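Next up, some structures in structure tokens.
Presented sequentially are two complexes of subunit A, the first with subunit B as partner and the second with subunit C.
Let's turn to the complex of A and B:
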């Protein structure tokens, strides 16, 4: 059980902000924003690591590109795109409400931006499938 | 038991420092239409005198009975047992988050009140002046005292709807991630005090506090405080309003105003 945490003086614990029982959109947005931030930073490093393959010449790069055609990498791309869409559009909500815009309608704003994220994701999927 | 009584099952988080924690199940009979706090009172009175929980007013005025009921922060004195039992069986009762637990359902509110004090909000009388009294001359032996309403009543009463229950602190994800944050209630207090004060120096000091380390910029717009506050204080709205005031002040300074 979790009570040892309850009594400890330090309070920075993911188990708290990730505990979404009974919470509303805002807490979900907060948790997802943090998780996508961590994910995107990790992705950035992986991306830089992958780019460093260029230094090993065209054959290494081309064989890597061939590997990325696998469905696993497509799924990974989809996850990254979802993360980017969520993080950037939720960021717009945080900035707008943070300067006093749409404070009373923050839930509607969040839902609308998430609907926009879903639409953009579907459009991206459509474009990807058309392009093959 | 009378026909009006109902059986209630609760699982209560039990904790003592050094002993770890566990969920303990209790079954009590309470009057129909009763509140979760009454069920806890019944456990204490009939089953387990060692159960620690806090309450005072029993009518949502003191904030003492704030706790997590079925995972949601609420005042136990106004939460219907029937409603809670419908949500989850047995009713799960846990202490508030983001405040150190002293034992069972009791959290240490010292840090919370220290933050509230920073807001200069009149929570209690700053000194403890005796209320002006006049002695009833009739039954001198009883030395009855009659309270005469003082003219400067506003010195004695609170003028803020916040009941300092700590619910907003428990629900706030920024509070969970950041010990240095002043928190929703204290920032709402700062906003309220600025509305009420005519003292320009105090007003500027409070705005600087809101703008400082631990102030409004640590809020990440989850709005959970406003959604959960039992008194409609709207801490998130007040935090956003403070941000607007801070930005206006910065803008003014840029132009030498």
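Let's turn to the complex of A and C:
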């Protein structure tokens, strides 16, 4: 069976995924989907690496937690959340259009889902700041 | 050439698995983020809180399921990206197996870590 590929025509090499001159939203969505995928795979292993500190006992984990209060980690969390929101909501579009649903309204679907991503990001930021 | 929407006709097994794991990830990720970060003061649990949380079998099942699904989705995506980068056809089966082994090792490590925390 032929292996599934996400390739859009003319966008096979990474250098070409990122060359978005003269391309429209479909290419932007494709490039960002790839970039967020790579970023989130890297984050999966960083997250597992961080969680491995739990195996070293309470003092190691609790002292690590103290360092995560720094603004750098909050900024990192925000970047990860943005990546997750984009990748998951764009993924919904890819699945829907891939099975032939809403193909005619793909641009509206993309813009609506990105608006939803922005709203969810703001809500998460609000909850984060309220909770402290 | 311009790349547009709606050209993504997917019918292969890999794409269907990627789509299925992606859909499953939506509720699992939401549960993971809410239960482990958003409802926790400071965004992270201290060691005692993690141990208490992982003492709940339902949480353990959900977290292991989340690990399996997220790793499956990640490995299918990684394989797709690597193939798409122009890997020669003759290397693809070996590369696919390598990515599958990485996925199995990742899940095994996560389960080992979970058991270690529970103990």
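The rule is simple: the second predicted complex is superposed on the first by the 120 of 132 C-alpha atoms of A that agree within 3 Å, B and C clash if a C-alpha of one lies under 4 Å from a C-alpha of the other, contacts with A are read in each partner's own complex, and residues count from 1 in each chain.
Assume contacts are C-beta pairs under 8 Å (C-beta built on N, C-alpha and C of every residue); 3 or more make two chains touch, one makes a residue touch a chain.
Predicted model, so just to flag it, every value in this text is computed and none were measured.
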Partner chain(s) touched by A:52 [first = subunit B, second = subunit C, both, neither]: second
First, second, both or neither for A:21, with subunit B first and subunit C second: first
Touching partner for A:77 - first (subunit B), second (subunit C), both, neither: second
Partner chain in contact with A:37 - subunit B first, subunit C second, else both or neither: second
First (subunit B), second (subunit C), both or neither touched by A:128: second
Touched partner set for A:94, first subunit B, second subunit C, both or neither: both
Contacts of A:62 with subunit B and subunit C, given as first, second, both or neither: second
Subunit C versus subunit B, contacts on subunit A by residue: C
Contact residues of subunit A, present in both the subunit B and the subunit C interface: 1-4, 6-14, 22-27, 29-30, 34, 93-94, 97-99, 103-104, 106-107
Subunit A-facing residues of subunit C, complex: 1-10, 12-15, 18-19, 22-23, 25-26, 29, 38, 41-44, 46-48, 50, 70-71, 74, 77-81, 83-86, 92, 96, 106, 109-110, 113, 116-117
Subunit A partner contacts - residues on subunit B that touch it in the complex: 13, 15, 17, 20-23, 68, 70-73, 95, 97-98, 100-101, 171, 173-179, 219-224, 227, 236-237, 240-241, 243-244, 247
Residues of subunit A that touch subunit C when the two form their complex: 1-14, 22-27, 29-30, 34, 37-38, 40-41, 44-45, 48, 51-52, 54-55, 57-58, 61-62, 65, 68-69, 77, 84, 88, 91-95, 97-99, 103-104, 106-107, 110, 124, 127-128, 131-132
In the complex, subunit A residues that touch subunit B: 1-4, 6-14, 16-17, 19, 21-27, 29-31, 33-34, 93-94, 97-100, 103-104, 106-107
